[in-house]
Amino acid sequence: MKKLINAIENVVRDPLMGMAAAHPELKVSIDPHYIVRADAPIPGKVAVVSGGGSGHEPLHGGFVGVGMLDGACPGEVFTSPTPDQMYACGQAVNSGAGVLFLVKNYTGDVLSFETAAELLHFDGVPVQNILVDDDVAVKDSLYTAGRRGVGTTVIMEKIVGAAAEAGYDLDQCADLARKVNQYGRSMGVALTSCTVPAAGKPSFELGDDEMEIGIGIHGEPGQKRMPVVSADEIATMLANEILDDPPYTRTVHEWDRQAGEWVDRELTDAPFAAGDDVIALVNSMGGTPLSELYTIYAKLAQICQDRQINIVRNLVGPYITSLEMQGCSITLVKVDDEMLGFWDASVRTPALRWGM
Amino acid sequence: MTVTKAQIIDWLGKSAAVLEENKAYLTELDGPIGDSDHGVNIARGFGAVAENLPDVADQDIGSILKMTAMTLMSKVGGASGMLYGNFFLRAAMGVNGKETLSADDLNKLLEVGVGGIVQRGRAVVGDKTMIDAWTPALAAFQSSLTAGREITAAMRACVDAAEQGMKDTIPLQARKGRASYLGERSIGHQDPGATSTYLILNALLEAIEA
Amino acid sequence: MKKLINAIENVVRDPLMGMAAAHPELKVSIDPHYIVRADAPIPGKVAVVSGGGSGHEPLHGGFVGVGMLDGACPGEVFTSPTPDQMYACGQAVNSGAGVLFLVKNYTGDVLSFETAAELLHFDGVPVQNILVDDDVAVKDSLYTAGRRGVGTTVIMEKIVGAAAEAGYDLDQCADLARKVNQYGRSMGVALTSCTVPAAGKPSFELGDDEMEIGIGIHGEPGQKRMPVVSADEIATMLANEILDDPPYTRTVHEWDRQAGEWVDRELTDAPFAAGDDVIALVNSMGGTPLSELYTIYAKLAQICQDRQINIVRNLVGPYITSLEMQGCSITLVKVDDEMLGFWDASVRTPALRWGM
Amino acid sequence: MTVTKAQIIDWLGKSAAVLEENKAYLTELDGPIGDSDHGVNIARGFGAVAENLPDVADQDIGSILKMTAMTLMSKVGGASGMLYGNFFLRAAMGVNGKETLSADDLNKLLEVGVGGIVQRGRAVVGDKTMIDAWTPALAAFQSSLTAGREITAAMRACVDAAEQGMKDTIPLQARKGRASYLGERSIGHQDPGATSTYLILNALLEAIEA
């Protein structure tokens, strides 16, 4: 294992110190770990907060800033953050307009954010948790923990962050976030494993000419293993899985602020259809160079064109990664005018910036 | 026979020790069907618990377990951190204010603790999770007591059942947690959380027997 | 070798197709390979053009756009582009105000850009070549091909691109570019090798606990090999080499437009001094995750503070890479008000964007 | 004896073939002291030259060499592409309009060609570049002619000197090109550009002897 790190116990802290030094517009808390906008809480504005295991940078800390997240809670590498972080972070950014937690659907994250929501609720903070579960590699929700939250997270943080900036209230932000999730689908592939510093060796072994299709973002094994094929074939496999994905139904737990309890809510995502406008994200798992992502994008653009799916915006680069893993993921999120307007709105974060 | 506060403290210390010892093993179990962090997570958490123990040693058992819960929740991360955290949080409520535990108190501790895991994690037996160790372990403990056995004997039955439950996870296909994403590929591997559960229950037995 | 590629002979073309699909604001030529702003030539504006071997993405194509480059010429992987590309690209972007070539100091690039400059000159296009040679790993210029052009290139393209956008004429742009180069110093380290697709195997072999200090950006071996040390120690080594670098003198060849011939020009760079304002770039060689770069940045910030070097702007990420190589480089460029103003000016390119 | 246009065409074809054959070898030489692309670069370039040859076969030798120069400049990339490109560009100027080459013509071709490499690359003998093959090769050719030898014999001397010059690069420390960055670590490796130069000159000899 060769990495630019110091002590293994500081692999989360040290980059946070770097973030603090590089970005005076952010405020970094070391105990517990969280990153917030230095100007938070912003009076009257809903605070949008996310978090998850570290190792997916720039997600989430790199997306804290004007027009996107108010706060981010990094856990240990590939390990969900803990409720005390989310609670402290939520307290730090709440202006009174409430806190929206955007939660990737991994058991640890879900349970921690649920606990944090309860804690904030008992303090009188209006709070809501919205799940991202967009990974079509997971086929059913009944016999699994449900689809994992992957690339759509980035799109959701941007769109909902802009809406909060524009004055949407907590319920409006939550509704929009739910819509982004229901409009988004992703799938990824790994060419190599990554190495969690504390483990010291690769999370899984792949043969010299093998790849893992349907990989998650924590080095957890994917859907199937097969020989490496061409970029065009890989792009086609991922794009077709996403575009041909049938309606997906699952039960999510959302917080009922009035009753102070969790309620089950059944949600079904409609498949993509010809004529849809989409935002396309071609994302690096960390170790794959940009040139290879553009190779994938070239094929994706062609497939979408053939199927009359209109890519109206795109993002190509490392946005939700798995340490130094080689591989990529494709995310397509259907957009309407409301979503597109918020996508185009100004944003200024370490990892995503335009208009300002 | 009762379980003393010293034994509870010993239990938590022994858990920390045995989880540290088995850190690599548990992390390895979490490789093929998880994300290779269970041992690291849980050893970090119980290590912190052990460090905090002296500060609460003169408080009641409920407070000690609450400290354990809060420490696990803030130090472990991951699914298991929340679930073990919830176990100890509920357990603490179940034995609030106690300085020693009767057989019934210990039963309550385990029962509400396991209830906490189920309430948060919503797993059932057969899902290939720690619940596959906890649920039969609790049942064995309870039927032992019902059959008139002593705490130590009941705990021995409890640990045996946990061990069996742990082993029984091997042929199962996971339906909860990270392992569930593997579908059939999760078959043939022992669940790391069920394994740490067995180790923690065994530490309790050893503390009681000591 | 596992990569997201199709045929090896298309590893440069395929990503260009993706760039074309993803960025309608750019115009991509496939034969010969070059990328230009779709709105070029811009009347009255000096055209800023760079180029070099592929495999360093986003450099240079990702920096084409408003406020930065007018055109970029990608060569084969790690192989300089050819004069016909530069000639065609220069023709495509020249508005009459002339073409400024920003050239990384590698023999192939230098010779090709010199030939292209001659060709354009004979066509009546005002042209100038400015060298980037900022890699302090190369100690002398007398017994080597001189310092290589690395991280300062990114800073130069941004600053000179903004100046051209603001109306600087060709000589002013050239003077500014020369100043950026003389104010900039870089050094890098590799933890792993990369694999050039056509070669099919790693460019060099590094032991499991070895790193190569002073690496170039083409997988060419560096200054020395040593066991991997901590991030803090690596940051310290690189930062000290840069900050303690003595005055550096070399002879560059610049084009005399009046005489129509190359003239020798001796340039000496002054070392950094306490009180200097600098832009800091902590750059990934491609396969190193952002978290590790911020770990390096944390230490760099501290060293600079201790030495009264003021980091007034920073850039942390993959900007000038070596395919999937793991490692990083540090670049420090001293800035004055003129340079800082152009750094802060709006820019809109695929890889660097703010203010618009 | 003269060198015919057919022999010149044969030279370029043979060069393409031998460089393709030695592609991996040349690329490997470029590993320890370069960037592992010399064989790939030069084989790509001469391959394109060979493809273009039929189109210019009925033109004069100068035009054929000019096509070679332009093709190498636009297909090879890297230092060697520009240097070999310059060799053939100058060489083309030196024998402009010719349909056959006398000994003096061939001498001119080589002399102005090598001058082109030096003018662009500014290397001198001992810098561990292709110039370490070209310069002694040219000198051997010229002194052979001066001594009254035939073209073929002079070319043989030329190739022998190129081979010796190529081998002599091994103990040198590079002072030009990518290898120079290695300082003392460049010692002990044969220069890839000097090696391809030897192969190209040997192809010329074979074409003349054929």
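Which chain is which? They are A, B, C and D, in the order written, and residues in each are numbered from 1.
In the analysis below, contacts are C-beta pairs under 8 Å (C-beta built on N, C-alpha and C of every residue); 3 or more make two chains touch, one makes a residue touch a chain.
Quick caveat, the model's predicted, so the values are computed rather than measured.
The chains that touch chain A as well as chain B do not exist here; no chain meets both. The greatest centre-to-centre distance from chain A, using averaged C-alpha positions, is reached by D. A separation of 56 Å divides the Cα centre of chain B from that of chain C. Work out the mean CA point of chain A and of chain C, and you get 32 Å between them. Separation between the centroids of chain B and chain D, computed from CA atoms only, is 76 Å. Shown for chain C are the residues that touch two or more other chains, of which there are none. Residue positions of chain B touching 2 or more other chains: none. Contact residues on chain A toward chain C in their complex (touch as defined above): 2-7, 11, 14-22, 54-55, 57-58, 62, 191-192, 208-209, 211, 228, 230-232, 234, 286-298, 301-302, 314, 316-318, 321, 323-324, 326-328, 348, 350-351, 353-356. By the touch rule above, chain C contacts chain D in their complex via residues 32, 53, 75-85, 106-108, 111-112, 114-115, 137-138, 143-145, 148, 196, 198-199, 203-204, 216, 218-222. Taken in their complex, chain D has these residues touching chain C: 27, 31-37, 40-41, 44, 70, 73-83, 85-86, 120-121, 173-178, 180-183, 185.
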